[in-house]
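To start, I am sharing the structure in question, which I have written as structure tokens.
Labels run A, B, C and D following the written order; every chain starts at residue 1.
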Amino acid sequence: MTENELWFYGLPFGPAHSGSGNFRVQLWVDGEKIVKARSDPGYLHRGFEKLMEYRMVWQDAVLADRICVLEPLNWNLAFAEAVDELMGWEIPERAKYIRVILSEFTRIQSHLIWFAGASIATGFQTGFMLSIGYRDYILENIFEPVTGARVYPTGYIRPGGVRWDVPKDFREKCEFTLKKVEEGVNDLERLLFSNSVFKRRTQGVGVLSKEDAVRLGATGPIIRASGLETDVRRDDPYEIYDELEFEIPVRDEGDAYSRFWIGKEEIYQSIKIIRQALDRMPEGPHTLRPVAFIKLKKGEAYSRVEAARGEAGIYIVSTGDYKPYRVKIRGPSLLHLIPVLEHLLIGSEVADVPVIYWSLNTCPADMDR
Amino acid sequence: MSWEEIISEYKPVKQRPRRIWVNVPKEEVYDVIRKLREAGFEHLSAISVTDWLNEGVFEVTYHLWSYSIKTLLTVKTKIPRDDPVIKSVVPIYGMSAWIHERELHEMFGVVFEGNPDLSPLFLEDWDGPPPFRKDFNWRDYVREKFYSKERERDKAYWEVWLK
Amino acid sequence: MVETEKKVMARKLGRLVRAVWIFNWFNSCGCTELLPVVSSRYDMERFGLIIVDNPKHADCLIITGYQTIKSIKRVVRIYNQMPDPKVVMALGSCPITGGMYWDSYNTIKRLSDYIPVHMYVPGCPPRPEAVFQAVGLLVEHVRKLKEEVSRK
Amino acid sequence: MMYVLLALYIIAAPFIVGALGILYGMVLKGIDRKLTARMQGRVGPPLRQPFYDVLKLLEKECIIPENAVKWLFNAAPLIALAASITTLLYLPIGPFPPLFSGNGDLIVILYLLEVPCLAILAGGFAAGSPYSTVGSQREMVLMISCEFPLAAAIIALAWKYSSIYPGLKAFSLTTFVNNPIWNNVGVLGFIGVGILLIVMLALSTSGLGRLPFDIAEAGTEISGGMLVEYTGRNLGILYINDAVRVVVFATLINAMFFPYKLSPLIANYVALPLAASLTIDFLFYLFKVFLIAFVTVTLMRVAFPRYRVDDVVKFYWGIAGLATLAALILIVMDTFFGW
């Protein structure tokens, strides 16, 4: 704080603000220009890493979906991966395919929420209504029949496989949903991504250069929009991603529009992945037995998963007990919301704050943990 | 210097493809990480601290990823628990390291020398010790703070935990 | 005197339930299930419920999910900013007992210790239908209140 | 006797017009919400939902912020509503001539349109909240940038009238209504007036503070802007004012560009009594107002996100300003060359 800043007045953005999630950025503005921004997280801090130390591993698997409500299955997957790696388990093929399909559906629905956020940020009600409406197809046709709940799968993807096999009409349901989702994304492409006002609002806003993206620790769609072709699914493959064919969309501009665009292209890629996985899915057991009471081996493991908003990592340390000794959760939003957001906000205008905030595809819950 | 040469003297352990773990003494960890950054490990995935209460040490782990080599290299080091001071990696990794270190300072009380800002991040009006330390009995704290002995509904929490 | 006060209250509530403006205190859990309620799938606007951007325009505060020590202070402040008559609805199991975070050092365990809560909707997170049922119960309650007043 | 009736008319008519403006504005609001919902694939609220909203708002507690300028804060909504209804008195309601008219009533209307904005703006500054201050600043920018195209459009049309009918009052809406502009121009002028119509439609969207120009309220940016501190009765009055202004703008555009009546067309075939023709024209007027409101409010809201404040300025000073100038030149050429 220098003396000069007394002349600018403070404008809080959030937490009780429909443009933000449960998160606050204190802005210091000069007219409409932002001269300083400071993130203030912690509204959702629950101490997950400590909670997990106090619970058994199979309880932690249930807890893991709550890390980020917008994509619970990806976090579930990350935790299951970490335990699998620690135990040295090779899980059944069918379980791998189910995991991949569900993870991709989670990515699609998370991206649809992202576009709803983009629409809210620019005051575009129609886009919001459509994206959330189409997201409901996934919740109702995939998540509810498969995992038993619309949002939280309560540990469906668990260490050693998945909790139970998919229902018999899974394939038909997936195909129906994919058709609907494709329809929805095509709609959004016409309504949102070709909309001249939306382009005007997002193009050239919040430009993040490649060097800055690497330096500030951006991952996932954010860094791909800045021109670095990287994806955990390809670089550090888990499950069956090394057998599947898919492209990694990359753009060089690094502005808000290209970030949204990457999200849209990723939905198409996810649809492609799901179709491939459905074709190749083998019959067989869905889980290793017995997996109910897991006594962890002594050791440590670090699992990385490409979540919808970036790299999700779980570092697990065990001393050979039923409970993990230490769990570290690496959420992508922590870096996106604090260093990247503060960097992008300086010099931009108040009107652009929601656009920049939503273009980072963040989830305050996985930042605070 | 290639990255294999840098870590070869510290006996790296290869867990599986793309996962390498290495133990480095406290004094050399900053230099090793700086060299690794120059050798291509440009992404700091996470920093973590493990509290080994019985040995009286904090184990600080740096998970480094390289976009070109495509390997996750975990650098581990141990610092004494009663004097938890370590040199910050902010000069190497910039603001992404800053935020991890700020969080660990709050949760474990580890002091990172050279970090520009270690102010509290998540907790507000916190009156206990750093909460992720193993010697902080979390459940006792919660019971004292949130559950009252007098209230009928809360009695179960007291009775079960006291056993 | 008390009777007239009751009558006034019943009239006010009767008008309130026909056009409930909701301020949603975003806490991620319930928020994801509140989005379908707003959007084209369940469309709560057909019952006159809309989301407003500002607590001062709101009649109903929906608190979705756990509250941490940091956020409960803001909730109390938002509650005080809302004009009377106001209703508080808590979504999810966490505001009732602490839910999954019953032993977390940073979440509060019972919302009604901090602000008056008129309705709890259990679930983790509650389904969209549950939100509608809650609103239906609210309307029913007001109708009974009105009948009671008019009978005397 | 004559004078008593006249006095009664003068006293009663403003109330009737005001009531009509409020009622029809609310109905339009209901239709707008319903149609928006249908276009977004929803069911939408019942048509009478705006009435429920207002009744509820009038019942609610009215909070006045501690550091607000109380009298200004409370007076602003009333001034806004009064000014909006006064504007309506200067406008012809369908077949009925305006209550007040004179030599330059268009200029009065031009300024009366700004008064509600000014009042809310003053109320926003008086509220003493950073959000409402930012909102008021934005509203000021919006008003200033709208001014030029609006004035230029009216001057272009008035100049045309003064050149065709030197004897008539050019700046009077009565002239506009009696001589529809489209009948008096050639091809070039037709294009020019078309441009002016589009500019006026865009101007009325921004004058109403609706998407894509609702930068002063901007829910997700500054959470309600100028209205952020208003509650209860005050908010209810502002809500009504918002509804009335839709009618005001639609009526103005109707009078300037579409002052046609349906009754002469029907009278060709069937002889109509006076009351019947007045009713038909009045209903036709309501229909035209609905159409204009549908274009300026509902369609825009469904199809566009919000502009940024500097884009709005660029739009009005740049595109809209140039377009009105081009229209002016076209109309001038039309007059001189008579194409």
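By our rule, contacts are C-beta pairs under 8 Å (C-beta built on N, C-alpha and C of every residue); 3 or more make two chains touch, one makes a residue touch a chain.
Model, not experiment: these values are computed from the prediction.
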item: Steps needed, at minimum, to go from chain A to chain C via contacts; value: 1
item: Centre-of-Cα separation between chain D and chain A, whole angstrom; value: 45
item: Chain A and chain B, separation of their C-alpha mean positions in angstrom; value: 23
item: Centroid spacing, where centroids are CA-atom means, of chain C and chain D in whole angstrom; value: 37
item: Whole-Å gap between the CA centroids of chain B and chain C; value: 40
item: Multi-partner residues of chain D (at least 2 other chains); value: 40-42, 219-220, 223
item: Multi-partner residues of chain B (each touching 2 or more other chains); value: 122-124, 131, 138-139
item: Touching two or more other chains - residue numbers and ranges from chain C; value: 39-40, 53, 70, 103-106
item: Touch-based graph of the chains, sorted into line, ring, star, complete or other; value: other
item: Which pairs of chains touch, using the document's own definition; value: A-B, A-C, A-D, B-C, C-D
item: Chain A contact footprint on chain C (complex, rising order); value: 23-29, 31-33, 35-36, 38-41, 51, 53, 55, 66, 68, 70-71, 74, 78, 100-101, 103-107, 124-125, 127
item: Chain D partner contacts - residues on chain C that touch it in the complex; value: 11-12, 15-16, 18-19, 21, 39-40, 43, 45-48, 52-54, 56-57, 59, 81, 83-85
item: Complex interface listing, chain A residues touching chain C; value: 15-18, 20-22, 42-47, 50-51, 54, 63, 66, 68-70, 113, 116, 128-133, 135-136, 139, 150-152, 363-365
item: Complex contact set, residues of chain A against chain B; value: 41-42, 45, 47, 49-50, 54, 85, 214-217, 219, 228, 230, 235-236, 300-302, 304, 311, 313, 315, 317, 325-326, 328, 330, 334-335, 338-339, 343, 368
item: Contact footprint of chain C on chain D as seen in their complex; value: 33, 37, 40-46, 49, 52-53, 55-56, 59-63, 219-220, 223-224, 227-232, 235
